Amino acid sequence: MAQTPVLIILAGGASSRMWPLREKSLLRFGTEPLLVSQLQRYRALGFTEAIIIANPDNQADITTLAQQVSAMTVQIAVQPEPLGMGDAILRAEPLLARRTQTPIYINQVHDVVDDSLHLSLLNAYNTNPNASYLAGYAISNYFPGGYLIVTGDGRITGMVEKPAPENRPSNLVNIVAHIHSDAGVLFDAIRAEYARDIPTDDHYERAMDALMKTRMFHVVPYSGHWSALKYPWHVLDVMNYYLAQIKGQMVAETAFIAKTATLVGDVFIGDRVKIFPGAAVVGPAYIGADTVVGNNSLVRNSMVLNHCEVGFTTEVARSYVADNCAMHACRVLDSVFAQGVNFSAGCTTANLRIDKGTVSSMVKGQKINTGRDKLGAIIGRDAFLAVDVMTMPGVKIGERAQVGPGTHVVNDVADGIRVFVKQELGMIGGEA
Amino acid sequence: MAQTPVLIILAGGASSRMWPLREKSLLRFGTEPLLVSQLQRYRALGFTEAIIIANPDNQADITTLAQQVSAMTVQIAVQPEPLGMGDAILRAEPLLARRTQTPIYINQVHDVVDDSLHLSLLNAYNTNPNASYLAGYAISNYFPGGYLIVTGDGRITGMVEKPAPENRPSNLVNIVAHIHSDAGVLFDAIRAEYARDIPTDDHYERAMDALMKTRMFHVVPYSGHWSALKYPWHVLDVMNYYLAQIKGQMVAETAFIAKTATLVGDVFIGDRVKIFPGAAVVGPAYIGADTVVGNNSLVRNSMVLNHCEVGFTTEVARSYVADNCAMHACRVLDSVFAQGVNFSAGCTTANLRIDKGTVSSMVKGQKINTGRDKLGAIIGRDAFLAVDVMTMPGVKIGERAQVGPGTHVVNDVADGIRVFVKQELGMIGGEA
Amino acid sequence: MAQTPVLIILAGGASSRMWPLREKSLLRFGTEPLLVSQLQRYRALGFTEAIIIANPDNQADITTLAQQVSAMTVQIAVQPEPLGMGDAILRAEPLLARRTQTPIYINQVHDVVDDSLHLSLLNAYNTNPNASYLAGYAISNYFPGGYLIVTGDGRITGMVEKPAPENRPSNLVNIVAHIHSDAGVLFDAIRAEYARDIPTDDHYERAMDALMKTRMFHVVPYSGHWSALKYPWHVLDVMNYYLAQIKGQMVAETAFIAKTATLVGDVFIGDRVKIFPGAAVVGPAYIGADTVVGNNSLVRNSMVLNHCEVGFTTEVARSYVADNCAMHACRVLDSVFAQGVNFSAGCTTANLRIDKGTVSSMVKGQKINTGRDKLGAIIGRDAFLAVDVMTMPGVKIGERAQVGPGTHVVNDVADGIRVFVKQELGMIGGEA
């Protein structure tokens, strides 16, 4: 059996496109932060060594997270500046010390895939440890990614970045799950690309493209789940993946489920959760520890993490709600709430355009089509929405923002801003 | 036994006063459109032949509807222009061909009455087939209709249109349920009136008035249900009539009723209906096929036709909701929804004036007192009401109208219009 | 055993600071008005004679109320002008006739305390009927009241009104529960103070202070419940006291409790109350006769008096709702409603400041810190709030006020005023 590759986990990408959410590695989709969850899965698949590439902002968090994983050697490298994936990979080199000929398996922390992808790559590699292997994600609709040029016997001879739909060389898109048989060879090739004077930052892809001319690269096709956390609404896709892992009804012994409450389908009910009379949790759903699901409320196809209040007649549907959120007599639909959001009585995250088109959202000044028919709001931590606030589909609300009663939130609200309606009142009559 | 009269069913009246609803004959109060339901009842009472007077606009629909009734000969005549009821009746003449001496029974498709009215008229006619018979609706309060002048032995000697209350000749109002013993005699009398130069369009009434001088007309008093679809809120009256026909709980075998759902009183639950946990259907109520009554919602004294979504915590009370409507966490009170209305979360049809007076509504520029203490909204097909819309009592919203979030709808909204609130926001603070 | 003191119950204070509520004596915290409830308690403790000091405005009501109490001699005196507590007490003198040496027990109708306070005072008095006794309320936090100067053996030697916190002579605050061994001596001392030319209206306190120099006054320390109805939100404190008296589940035989309704904790359910499916009453809670708790609604830690409608999905939490209120699909939180309030669908009494600070309220032009973290609205009788009204924490709405749909009520609304939002609408498109 061949040597088990060393994992190179890229976790240093900026999370700025995730605003108003923060660091992706820390997002929790269950009891563990994403990075911990990913490491535990790698360990279960037989990996014993990982190098995580962090950035200066998340280095401390990632170091803390890595310590939560046992039976695995985890080292942290820091990429000081966002100079591209090639530069990030090179940061692993010193930590490999003299073992630069070792095989490496490059992954991104924010790519969530099935175990089967990792297993397929490992199997292929074990069959022939002299070749390198790239996952090829089989897609039916066009997607602006990197397409693999593949020969009939599965050899990859090149890659094309974002070709026009009619010029796609295959239906296989590059997904960052790459086993390189010899790390040193890859490092050298990347370095060579940085030495060239080419303005684009696809050094890693160019390095692979160059290596493919002389070395054997094979595609490992994949068609299972793949979700990548690029924009904040992708949290819902990753959530769905984790929700799909819940099988049956896992109800903590310390949980209270009222007699007239209803649990349907696959649900996880954490410690000390209270599900009050008339409430329903419809799976797949995850209710974290110490969360209260109040009378006659409904949680479905959602994650509500720990210490939340899902108050009377609240509906949480197809949404992700982080710790310590308070909701009351409101509708949380197709939305993502960071920790500590207060969503008052009568609030609604409108999730459907009046013209029923796909929902767009602004990211760094650009209007991005989210591709979603339904999307509510993304709300940053500790934001306070007063009674009867309506958020329009796809809006984002910053951390600690305060939104006054009755506001229709049509545009994004920046961090720390207070927004309120200037309501003009009329008055008639009265007794002196 | 006398010859069974040929039904003349007037269905050619314009439905413009019904805006934003459409053709009355097509309205469904159960599984069948009104016209079909009426024809089936006539057939069950022994009528075997009907002539329906349509107009150019509804001719196609009425032809289609008529084909749905078996064991009855149904012919369609078209009144090209709205020249009055007399003109409409004359359109039946060619279809009777040489049988102009046949008895006819004139009815309006949009008058909904008990079977007992038809039976009383038939009985009276069978007793003496040489006389004609008009139903006389016994009323206690004044109503601006046509009053019958009746002798002690029940002979009608004339009619007075909208007399002053103190000048009423009787408490019997003309309701269009008339058996004429000889159609040809009536046709001639009507034609004579059209030949005269009188500007009012009550040729039919004048013709009868003239005939009463020489021929025998008898009153058949009636005090059962009578509702006429003149204005759109009358849909609620007709609905109540049909709801009262539901006896006991008729639940389709394919329906799903959750264990904690409640059915109370007389309810019809159609095929594949789903009643989710905590929901209640309180009779009399009709839930059409494929409709979903979501968690903790309430439908009472209402008809919700097919393929509707009564979403989480929605209340539908004393309302008529046609096919394919979507409602969610909203209140539909004393209202009429045409097909495909989207009534979003937080919407309410306010149904009570702040001064608790009777509700008025505008019809063709005129303010009409609806006589109702409670009336919500009348909403045309495919209108989209965004979150938190409040409609004021008696307003009407046109087909395909779009009403933006948080709008207070105070005035009627025309077909296809988009209305939205211009909300002025203030802003404080923020971090650069 | 000593002679039982005659109760002097001060009920003549103006209720203007209670606006928009009215006369305190009439407020009902259960089946009986406060004054009747207090009298019944005194009677149960052995008192047989009471003199109530009314004012010209409430004299008639108080006379009526007093007649509802049997087995007790109750006389009414009227204080014509609000000249202070001393003047009020003097009004009792003529009614005592020749018995001016009798002991008296001075109380205020709007002070709600445990029986133990009265019992302690009576016990002390019985032990030594020659001394007078004042209750001393032991407090931990500073409170701007009258502080007792007490010697080591419990003798009171003086009183200090609203001292600076660092100058408090003790932690015992004067609470109006005073047994005077000789009424005539007190009357004389009060009269002497009115004869002096001192502008403040604390004649009674000064009279006691003077008497303490020559006569024996003892403190009776107390640390049980004490709530005084000074401001309208104090109704919630008194309500909590009465709610705490409910032990177990007292459900009238004529009440209807649906099978899927839930009763939790200590609840009183009055005659003919209906609790509909999916509703919950969570104790301590009081539901008065003939009140309907509609489908899927929730009442908790609240009093809802008689003939109210708690409509579908309404929440009443920590609130006091007087007779004949109609609520529907709304949230009544930490609020006080007088009789006949209409609180329409979608209304919410916001109860939490966006900065989570304590809530203030305006009283007679002054901003008063209520000391409450959560406070909703105080609404006067027969006010009508239309759909989707939001009241901001601590606002008050006058009697018969009408608040239009969607209004954010930021400031108090005067009696009889109609307030409405001037909503500016935009419009696009439409078909001619």
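Here the chain labels run A, B and C in written order, and each chain numbers its own residues starting at 1.
Methods note: a contact is a pair of C-beta atoms (placed from the backbone, for glycine too) under 8 Å apart; a residue touches a chain by one contact, two chains touch by 3 or more.
Everything numeric here is computed off the predicted structure, so don't read it as measured data.
Between chain A and chain C, the superposing rotation on Cα atoms measures out at 120°, rounded to the nearest 5.
Homomeric contact chain A/chain B is classed as different-residue, with under half of its interface positions used by both copies. In terms of their C-alpha centroids, the spacing between chain A and chain B amounts to 55 Å.
The set of chain A residues touching two or more other chains comprises 260, 278, 296, 313, 346, 388, 406, 418, 421. On the side of chain A, the complex with chain C involves touching residues 258, 260, 276-278, 295-296, 312-313, 328-329, 344-346, 384, 386-388, 402, 404-406, 418, 421, 423-431. Residue ranges on chain A touching chain B, taken from their complex, read 260, 262, 278, 280, 296, 298, 313, 315, 331, 333, 346, 348, 350, 352, 354, 388, 390, 392, 406-408, 414-422.
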